[in-house]
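Before anything else, here's the structure in question.
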Amino acid sequence: MSEHGFWSRFLLPGGLWLFLLFVVPICLVLALSFGYTDDLGRAVYAFRLDNYADAFDPLYIPVLLRSIGYALATAAICLLLGYPIAYYIARYGGRHKHLLIAMLVIPFFVNYLVRTYAWVALLADEGLLNSLLGDVGISEIQFVNTPYAVIGGLVYGYLVFMILPIYASLERMDGSLIEAGKDLFGTPARVFLHVTLPQTKQGILAGCVLVFLPAVGDFVAAQLLGGPDTYMVGNLIQEQFFTASNWPFGSSLTVVMMLFLSIWMFGYLRSAAREARDPVAAEGA
Amino acid sequence: MSALDPRLSRRQLLRAGAGGALGLYGLGALGGCTVSRPIEKPESTAAVKPEIDGDILLYNWAQYMDPDIKKRFSEKYGVAVNEVNFDNLEAMVTKLRAGGHYDLIWPSTEYAFRLQQEGLLHRFHRDSLAHADGISSFYDGGWWDPNNEYTIPYAYYTTGIAWRNDVVSGMAGSWNDLTNPDGAGKMFILDDFQEAIGEANLLNGWDLNTADPNQLEVSKQTLLEQKEFARGISTNSVQNLVNGSAVIHQAWNGDIVNVRNQVDNPEDFSYETCKEGVPVGSDLMCIPITARSPGTALKFMDWIIEPDNAAQNVTWNGYPQPVEGGKQAFAGLVKDEPSIDVDIEELGDGGMEYRLDNAEDRALWNQVWTEVKAS
Amino acid sequence: MSGATATGPRLGSRRRARRDEEGFDKPRFLRVYSWLVYLYLFVPIAVVVLFSFNSVKSLQSFRGFSLQWYRDFLSDETLRESLFVSLSIAAITMVIATVIGTALAIGLVRARTRWSPAANILMLVPLVTPEIVAGISALLLFSQLGIQLSFWTIVIAHITFSISYVTVVVRGRLASMGDEVEQAAMDLGATRLQAVRLVLVPGLWPAIVAAGLLTFALSFDDFVLSFFTTGEDVQPLPVRIWSAIRFGVSPTINAIGTLMMVVSLTAIVAAVLLPRLFGRRESGIKVLTGQEGG
Amino acid sequence: MEGATVEPVEPAGGTGDGGDGEAIRLESVTKRFGDFTAVDAIDLTIAKGEFFSLLGPSGCGKTTTLRMLAGFEVPTEGRILLEGEPVEDVPPYERNVNMVFQSYALFGHLDVAGNVAFGLKRRKVPKDEIERRVADALELVSLGNRAKSRPSELSGGQRQRVALARALVNHPAVLLLDEPLGALDLKLRRQMQVELKQIQREVGITFVYVTHDQEEALSMSDRIAVMSEGRVAQCGAPEDVYEHPTEEFVAGFIGISNLLEGVVEGSGTVKVATGDRIAAPLPEGCGPGDTVQLSVRPEKIAVDEDVEPGMVSMSGRVVSRVYHGVNTQITVDLGHGAHLVALEQQTYTASADDRWEEGMEIKLGWHPENCLVLR
């Protein structure tokens, strides 16, 4: 048995599992997206384009765009919140570094639904925050049932997926690079911009992708924190499956969503590949 | 997570894509197949007898039954009583059609009728139950179960409007009250396609269950106008009212009982039914054909409608039960706010129930509701 | 890419921290900023925990200390079973996904067949696929095959989603380990399989533990996949919480949330302490964050 | 180190006597990676008990050669004989050779004793014998007291010794060492060189040592093969290779070498760029008109008043002067683009005060026999 034959065997269980239980089912979704619902309300495979005509209806495209907008905002805010804290821990965490990271992760062990619901209790019109504000004479502010609440909930839900990759790339970066930057007369801001930031590009990219893509498909935040105008594509799809019982339409919405996302996914994979061809730049990755 | 840096070339991506395409080709063979398999139905159609024949699995709304009642049943008969929850009826039917072996389910009248039509329910004789006499006569020979063979009522409710009388004034007992200016931006519509469209139908003076596309189009416009006015679309009326987000809320009467139980100022929370029409809903108990222990399930139904248990359960979940004990308990709960109470016998004529008889109508309603939410 | 700790000056020494107190890098600014983020993260958690001890059924005002909601939880057999089911699913997912994912990582780094690039992409796709898509496709697959939705369908869906996380974590460490230790083992008379078992896997252990914990936490917390694939068996806690949340909640869910956090933290503390009990010397938290081992 | 014994496999043989005492023979071994030829048809014979070095710059194929000996790479062409047996296709775990890796490749999860015992356990050596041999091997490398330490707790030099003990304990026919001292600092490296040589003498095992450090190779080896671009440029005893390099590459790679380009003249002298005619022993087959390189080792060059009659002498201007303590390196511009480097020794007569300044005129000279002509 050849060397490579031996190692290839390790690919088999995982490869097979992912193919049969991930790729094939996704193909099923694709197949069903061309199907229809019969008189008894059952989903039937066929080749019809009706669902796509519906999915691209001007009614639903804004829902998709809204979801992408929310997810982009979420990724941007996560980056703004996450980068400095990752930087602080990696550079100044000292011996508490690992404790600080563990503390970031702890809130994520309270169930996502419970955590999100806690925001409702905090931010409701007669909730804790408003009653505190009331005590200092600020009149009631509506936080929940707004797009801001949805984005806030998403940020809270996915922040850790931004921090960890960035932290990892900062941690891997050679600290002397920053010193070299300063030595070469870089102001701290310039050093950050021209040395630290490019060195951690891959971590930032990974973080953004890991936040953005799941956030697009989220339906919990909009359901619990949203208002009448914060309907997201995840809610739309979920309801086609469990409320409206229109699986084929739900499938086609899923496919359309994936099409929109695949542009981002492909872009990410491409950039990773480009990084690999340029070993100097990839050093930081 | 750190090493999320695949070193991929375009060629590798293409190769992976080719693999996916190959899989698709294989799926071409699926054309015409339905997704879920038909349920295997038992050949025997004999009526179920109330006798212990194994553990049971309940499939119910969340927090709709006092756990203590299950516990005492379990202890008394030495069988396990398990429970799983759904958050809407369509999801319940979906999982049931997928062949789930539930022993006891809680459909509305409409869903019970559909399931029975599909042959998915077990038959039983109501008089084989010890406490069947206590059942309100409204449930005797209803359209959904003319021969009393498939269902036992669990609870009933009306749909109306709950409001904060310390903030909102001028409520007139009409569905128009949803857009009372005092509640602007603090009004909620129920996140239920039938309750929402039904309310709009009533407001427009149409039949509650109209499937006329033109009428539904007008109702859709009504809903869109209401949505402009609304704070949200939600079934969580209890929390929305308690935490002050809502001052006007389309709501089920039982929820108001729960609201008033949770706040310091229960007198500020009112409830009204509307003159255009009062949707009435009944949740029933049925035994699916896939049940593994139909006998125990029937026995358990009997246990639920036993007067003391009914009273205990009503006190726990805040919804009236149309049986002896349950009715009285509910009357006691709402004696401060009689509007919440509802006498099911009286509603026999004035009340209206949701009922969409075929898949096309349902699809149309769902379509309208999806469009309202997505707009 | 060097083995992280081995060479090169690293970020974060205290000495350097003092020297850099100036301009943008001023740690004081970063420190305040970081603590604000920590505050943001912990306030809702504090609310969850606090109100789980509320003496009245309210999520708005705290009236006094009581264990009522924990009693409610414990006296509700269905909820207790749900907790147990969630733990079981997470444990089984952890074991199977860690084994498969680790093998996949080893294969991806070491094998060079024409299938490995495809496997590389395949492995990454679940990470960047919204969970709802995975949930729907799993539901479709099970319905299509006529498989009853049950405990095991949830487990299968969770494993499918977790493999990639394990692979990514383990692959990172594997790549930094190089292949010389395996060669050394084979040079000393170990067959390939022995080299994997006796040297490679022990060397990867910190990453494997970290990946396992991550998988456990993800599975235990997961709602979406469970929601789509749960069936007649006892539902995992998050699915129950969802059904409850839609129609108004009692502080019992705060008690549940608090208990879930306690369970997860216990699992972590155990994972940190266990290696020490076995005489291994990796820092537990380091292992947790997948940083470094022996 | 006293008292420790590792039974020699074979009594220590002399240097390269071939025949029965042959440990390794490479017969036109070639290794290609795709289009790249890493090792190009090399022939080598290594005698039993020999300390043999493969010396060359990075990328010259020395490590690939070593890895083929270990079994990690299979030759594309050619044969490898280990004690007379062909082993090209024998996997590493079945070859009686062991390797000390550049990175040491210690097993982090095992303690020092566990690392050393690893190979013996694989060979199912009885437990008590393992214990004894591990203890002996650790004594041999002076680590008897660190048996229970983890590799991460050891210094670089100690790790290196563990790696050595781990390989030696198996009594391999050949020990392969891949730049084992590369990661150590200079002082420790010197010390380890001495120890390594001593251990090799003691155990009598054949060592094949890969290094790019010419000084290391010269000081330790019985024989050296200098490799360049996948082939063996020269193979011989250190003195041979140093004193009589057969080609420009070897001369340049080993030690500092002054090279002056010139043309052979009829009189047997070489005319260099400065116009000087220099007498030098010409290699065979070198005739008038040939372009050659004239090579003189810096330490063979006499400076100024040390230049004796009968020497080839040239003069120029000091370009730079680098003080080394033991000696001073002086670079001299001879004009016409030619440079020479000379080493002026500190002796009991000369002192550091006698300084050459940049720009000073200087006279250099050497005995004709110390000058090599390379083609």
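Some points to look at:
The letters A, B, C and D name the chains in turn, as written, and every chain counts its residues from 1.
In this section, a residue touches a chain if its C-beta (ideal position, glycine included) is under 8 Å from a C-beta of that chain, and two chains touch if they have at least 3 such contacts.
Just so we're clear, the structure is a prediction, and the values are computed from it rather than from any experiment.
Core chain by CA centroid proximity to the global CA centroid: C. When C-beta pairs in contact are tallied for every pair of chains, the largest tally goes to A-C. Distance between chain C and chain D, defined via averaged C-alpha coordinates, is recorded as 51 Å.
Note on chain placement: the centre of chain B and the centre of chain D lie 86 Å apart, centres being C-alpha means.
Here the CA centre of chain A is 56 Å from the CA centre of chain D. Inter-chain spacing, taken between the CA centroids of chain A and chain B, is 33 Å. Shared interface positions of chain D, i.e. residues touching 2 or more other chains, are not present.
The set of chain B residues touching two or more other chains comprises 1-4, 6, 8-9, 13, 19, 33, 35-36, 87, 239, 243.
In chain C, the residues that touch at least two other chains are 59-60, 121-122, 124, 127, 140, 144, 172, 242, 245-246, 249, 290.
By the contact rule set out at the top, the touching chain pairs are A-B, A-C, B-C, C-D. Against chain A, in their complex, chain C makes its touches with residues 1, 4, 8-14, 16-17, 22-25, 27, 30-31, 33-34, 37-38, 40-45, 47-48, 51, 59-60, 100-101, 103-104, 106-108, 110-113, 115-116, 119, 121-134, 136-141, 144, 156, 159-160, 163-164, 167, 172, 192, 217, 220-221, 223-224, 228, 237-238, 241-242, 245-246, 249, 253-254, 256-258, 260-261, 264-265, 268, 283, 285-286, 288-291. Across the complex, chain A is touched by residues 1-10, 13, 19-20, 23-24, 27-28, 30-36, 87-88, 90-91, 93-94, 97, 118, 185-186, 189, 193, 227, 230-233, 239, 243-245, 358-360, 362-363, 366-367, 369-371, 373-375 of chain B. Of all residues in chain A, those touching chain B in their complex are 23-24, 27-28, 30-32, 35, 37-47, 59-60, 62-63, 120-121, 124-127, 130, 142, 144-145, 161, 164-165, 168-169, 172, 202-203, 206, 209-210, 226-229, 231, 235-236, 239-247, 266, 269-270, 272-273, 275-276, 282, 285.
Considering their complex, residues 1-4, 6, 8-9, 12-13, 15-16, 19, 33, 35-37, 57, 59, 61-63, 67-68, 70-71, 74, 82-87, 95, 98-102, 235-239, 242-243, 255, 258, 261-263 of chain B touch chain C. Residue ranges of chain D in contact with chain C, taken from their complex: 70-72, 91-94, 97-99, 101-103, 105-110, 118-119, 122-123, 150-152, 166-167, 170.
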